[in-house]
Every structure is written in structure tokens, then in C-alpha cells.
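Read the structure below first, then the notes.
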Amino acid sequence: MSDLHTVNKSPFEKNSLESCLRLSKSGSAILLYEDGVYGALKGTAVENMIASVVGDRKIYVLGPDYKARGLDETRIIDGVEVVDYAGFVDLVEANDKVQAWV
Amino acid sequence: MSDLHTVNKSPFEKNSLESCLRLSKSGSAILLYEDGVYGALKGTAVENMIASVVGDRKIYVLGPDYKARGLDETRIIDGVEVVDYAGFVDLVEANDKVQAWV
Amino acid sequence: MKFSIQVNEGPYQHQASDSAYQFTKAALEKGHECFRIFFYHDGVLNGTRLTTPPQDDRNIVKNWTELAEKYDLDLVVCVAAAQRRGIVDDGEAERNGKDATNIAPKFRISGLGQLVEAAIQSDRLVVFGD
Amino acid sequence: MKFSIQVNEGPYQHQASDSAYQFTKAALEKGHECFRIFFYHDGVLNGTRLTTPPQDDRNIVKNWTELAEKYDLDLVVCVAAAQRRGIVDDGEAERNGKDATNIAPKFRISGLGQLVEAAIQSDRLVVFGD
Amino acid sequence: MSDTKNFMFLNRRAPYGTIYAWESLEVVLIAAAFEQNVSLMFVDDGVYELTKGQDTTGIGMKNFSPTYRTLGDYEVRHMYVDKASLEARGLSADDLVQVEWEDWETEESVDNIVEVVDSDRVAELLDESDVVFSF
Amino acid sequence: MSDTKNFMFLNRRAPYGTIYAWESLEVVLIAAAFEQNVSLMFVDDGVYELTKGQDTTGIGMKNFSPTYRTLGDYEVRHMYVDKASLEARGLSADDLVQVEWEDWETEESVDNIVEVVDSDRVAELLDESDVVFSF
């Protein structure tokens, strides 16, 4: 089985991403959206948290949320893939279930 | 001048306490209430964050919130003082203003 | 595929309701079925017709109502959560002696069993919250 | 001493409104003055008379109303925040073409200037939020 | 598709500061009535939901913690607690309520269905569920 | 007591995920109209409020970021950004909007009132204010 995990909180404010990474299985998909998108940026204090699991987990970031926050797509951590809402829907369909780390 | 800082978030979930400690002046008073009271417990991963400023800052914990959460007053970090709502009011009166780290 | 959506926050304070709406819309446009949208916790506050958001901003309640009209969606507000927060339809007004109602068009108030049923009947449950 | 209180969250979802109530009550019982209680963000949702909380739990809206009656408190709901979230009095209903009101007794709807004035006039502003 | 699913309730919030823990519990009680296989997982601040001796008289809020102890009667079979979350918070299993379980038909019983598990097991249990409820 | 106070708005929330940043800004605009000395402090995720190039068309929400650039016209004189918060988030002053300020009477002007300050200065500025608004 493979699950989609969703994280909508800033990793600088809340512990949701950290817990998601600790408690999700190898091979899972993780979608960062809403304030969760800040975790996808290069050069931050939490970059390594994401970068170290790219490959083991598949990391996605919701483009509309990322753009809303004024961040540049060239600054996304390598290996993180940008999706839109339709892509979010596809991820929900493609995985067995969704675990929300609200 | 001396300010009262209030922290109502669990230090395990959010960064409010950490920011409050970093950005409050020596001699300030800090009141932990609501889910903030969890920071007052001995033996936790954040104990040192509080213990290291006791003396430099005056730390208070709201008793009614602490008791509601099933914690034992004997397990409060040394130097942290328990107050009730009337004591909360007194702290607001005794300090020059209140800074809420919501 | 058959989806159900759970919305845990009210309109405007958190993005949860916006995200849920955008997701639901995208799913429907892709031809998926939405078995039920269940509004829980402060999410029940999406179901009031009394909001008047600024003209230059989106109208979240209206967005939900119009999406429900277009796709015949089942928008269910949890009764227990609604009672705590003051979302009332005719039946609730009568039962609890309230002198007004505020439920928005296409929303209905029902029990938590509707959420459990949605989770059983649907292929996926997607939760949007704080 | 003269206090003003700001409440940023609605009833039940967060403890903020409970804490604000307990603090205000304690301040009044100690003989302090409360110049104004200002409800902002989801805090405006404390001002609905349509709630019916479970019998064995506290009634937050009623608590505020009764405290206001006892001490003649000024409970002010921010109009802009209220419009976004559907808190309506007679004036707002007429202005925005709403067919119902839901404001609770002793609450009144007014502008953000009331918060700024409270901060200017009071010795202390105490904020309760998420 | 069978009408019985493995429901997992993922609890990550402290009680009282927000209502999520309490309203989540209300769903648990209903789900059990629908005869689903219901398990609860306590992670992060969710472990605080199970502390013994909660006393809310001073804050004027309803103390809902006794409900956890009755979950065995609602046919909840498993309550898992994340070990790392518990330890980070300076707590141990002794600080948590015990929940008895008994099968009325088979008279099989368990003294305490609250079980502390490690991170790998948490991930596995979440993964094995059919539906994860998050509040 | 003078009717002019030093108001400090402490902004610690990212925009769009919650409404606090936006509704806080509405108070700033009103406070300026009351002729108070208004300063803004951006700490933690609050620094994200000032990022350039916000584009909300994809999420259907109102883009309120242009309002920050007009604050100089509302007689806001100081906008402080916590250096540590900015750096932890991989951002620099170049990523933030610039806010011009001009005194219509004296014609005194400042190209950009957004100022990055260190932690000690943040603590001092908060301490020196008469009222701290937190949202």
C-alpha cells in the first residue's frame, strides 16, 4: 500500500511536517499545501528535513499556494514536484488513502 | 519597564514559547496558560528551555489550566510559580503592558 | 472514483474551506463523484447565509452553494457542532426554541452518522482543517 | 485599573473565549474596570444568540451576556469581521439585505475604531487568541 | 466492497486548548455504532488526551476525559500511543488512563487496551488502516 | 495621559493560510487614522507577509500584499523585520517589498522604511512600545 500525506502547516510554526516525515512509510507521497509550501523552499533552516527524504518519499508542492505566497519556482528543493489542484486530485486517486497532518 | 508575556500554545506543537523566550527582555514576566502549561512540566524535551531562564525571567503557570490537563503540581519545574485567574489579573496590573505570543 | 470531503474550519479565518472548495471543484471537473461534503467543528460555519464578505473578495458560502447546485452535491452540517456554534435550520429552530434561522441554501443539518457513512461508502475521505 | 480585552476566536473551537471570560470576571471581581471587550476575527462568533450547547457544558455566549448585564460591560463585535462570518443585527440586516439577525443580547456591532479607542483609553489591552 | 472498514483516528491535539480532541471522540462513539473496526492513535500532543486526573472545575469547561475509559464498552479494540511523543513530554504509561475491554459474547477480556508503540509501528498501523480520520 | 500612544503590531503569521495577517492590517489602517504612532514588527512566519510577487489568482483569494506598500501613506513610520526569522526561512531583504515614506508637511522622505533588525533590537522595540497588538 502507498498513502498520500498532506501537510498544510508551516514547518517553522508547527510540528506537522516533522511528525509526517517521522511517521510516514518509505514510498509514501507527501503533498505540501497552504502554509505547508514554505517547506519546499531551498536554503531554509528546514531544507534538510525535506531534502533528506526526497527519493525515499515523493514530495509534491501545490503550485497555486506556492505562487500565492510570492515564492519563485526556481527556488524549490530539487526533486520536489509542483502540482495544481487537478494534480492534487490525481494524487488522492493514485494512492490508497489520504492521511492529513492537520 | 517590565512586560508580561503570555504563551497559550504547547511548546511541542508551536514555536510561540521559543520566540517569546528569544524576544523578551531580561526581567520580564512570562505566564504559561491554556496549552502553554505543558511547558512547565519537569522531565520534558523542552524543560531546559524554561529552566535556563528561571531567575532571569519570572515564569508563572496558570493553575486552573494546569490542573485541567491532569498534571501534578509537584512536577512543575523549580522556580515556576502557580497563579490563578486573580493572579493573572495581578500580573497584568503589576507589569507595564502585556505581549501575547498567540 | 467516489470522494468524500471533510471541512473542519469556518470560512475566512483559515484557508481550509477554500482548499476544500478548490479540491472538490477540481475533482468534479475531472469527472469524479463527490458522495458528500461534511462540515464539522467550525466547518459548520460555512453553512450560514448571513455572511456579507467584501465585494472584492470571494464569497465562500456562495461558492459552496453554487457548486452544490451545479453538481447536486450533498452539503451536510454536523448537528452537534452546529448547535454549539449557532447554525440553525427550521427544524433546529423549532426544537431548540430559536427565533431565527441562518442556514444557507443547499446545506442541510444532520448527524455524525453521515460522516461515518461517507467514510464507509466512499473510496477516499479527504480532510481539510487547521 | 482600566482594562480592555480583545477576543480573537469563536466559542468552543478554541479556549481563547473561555480564558478571556475567566480573566474578565476575575478582573471585575477584583474591582478593576473593563472599558471594553472587543471581539475580532472569529471572536465575533461569540455574539450569536443561536447557539444551543449541550446541557452539561458551559454556555459561552450566555456567560458573556450575563457578565455584561451584571457589570454593564461594552461587548463590541467588529463589523468587518462580522460581515465575513455572518453575525448580523437589525442595522446590518437592513444594510446588507439579510432576512434574519442572530446577534446576542448585550452585544453590539461597531467598527475597528472601537478597538483602537479602547487601546488608547485603557491602561492595559489583553489579547486572547489562537 | 465490504461495509466494515478499519478506521483509524489520528489524535494529535491536546485537550481543552481546542475542541478537536472532544469532537473527535464524538465521531469515535458514532463510528463504533456503525460496527466498524475502530482504533485510536495518539501522537504528538494527542498523548495528553489520555492523562489521568484531569480536573476542569477551575476553567469551567466540561471534563470529557472519563469518556476515554469507556471506549472499550463501545467496542474500540485498540488505543495506540506513540512512544517518542510520550517520552518527549516527560510522561510514561503510568500517567495515562487505563481502558478495559471485554467481548460480551466470547467473554474474552483485556485489562488495558492502551498500548505504547514505537514510530515504525505507528507508521505501519496508519498504513494498514482503510480510513484515517484527522481532526 | 496623552492620547497619542506608541502602537506596535506584532505579526507572526503567514498570509493566506489564516486571515490574521490581513485583518491585522485592517487595524493598522484604522490606528493610523487615530493619529497614533504606529510601527509594525514582523517575526517568525510574519516575515512571509512582506514577500514580493504574491499572486493569489490560483487560490481564488484576495491578494492583500499591495496594501503593505501603501503603509507609508498611512503615516506608518517603521516596519521592522526580525533578522533571525528571515534567515531561518532562506530569505533576505531583497525578497521583501519596499515601502516608501514621505512627510507631506516637511517633505522629509525615506526610500524604504522596512528595516531588518536583530533579536536584541526586536526585544527592545517591543519593550519600548505602549501597546502591543497580537493577532
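Think of it as A, B, C, D, E and F in the order they're written, each chain with its own count starting at 1.
We take it that a contact is a pair of C-beta atoms (placed from the backbone, for glycine too) under 8 Å apart; a residue touches a chain by one contact, two chains touch by 3 or more.
As the structure is a computational prediction, the values presented were derived from the model and not from experiment.
Considering the contact criterion stated above, the chains in touch with chain C and with chain D alike are E, F.
Centroid distances from chain B, each centroid being the mean of CA atoms, peak for C. Contact tally for B-D versus A-F: the pair with more C-beta pairs in contact is A-F. Centre-to-centre spacing of chain B and chain C amounts to 38 Å, using the average Cα coordinate of each chain. Taking each chain's centre as the average of its CA atoms, chain D and chain F sit 27 Å apart. Touching of two or more other chains is recorded for residues 8, 12-13, 15, 34-35, 64, 84, 97-98, 100, 102 of chain A.
Shared contact sites, meaning residues of chain F that touch two or more other chains, fall at 16-19, 44, 59, 61, 131, 134-135. Multi-chain contact residues, meaning those touching two or more other chains, occur in chain D at positions 8, 12-13, 15, 19, 22, 41, 54, 80, 125, 127, 129.
Taken chain by chain, the contacts fit none of the simple shapes, being neither an open path, a ring, a star, nor a full set of pairwise contacts. Chain pairs recorded as touching, per the definition above, are A-B, A-C, A-E, A-F, B-D, B-E, B-F, C-D, C-E, C-F, D-E, D-F. By the touch criterion given at the top, residues 3, 5, 7, 19-20, 23, 26-27, 30-31, 33-34, 36, 131, 133-135 of chain E touch chain C in their complex.
Those residues of chain D that touch chain B in the complex are listed here as 1, 3, 8, 15-16, 19, 22-23, 25-27, 29-30, 32, 124-130.
Across the complex, chain B meets chain A through its residues 12-15. Residue ranges of chain C in contact with chain F, taken from their complex: 12-15, 18-19, 21-22, 54, 56-58, 63.
By the touch criterion given at the top, residues 13-18, 44-45, 48, 51-59, 61, 63, 65, 87-90, 95 of chain F touch chain A in their complex.
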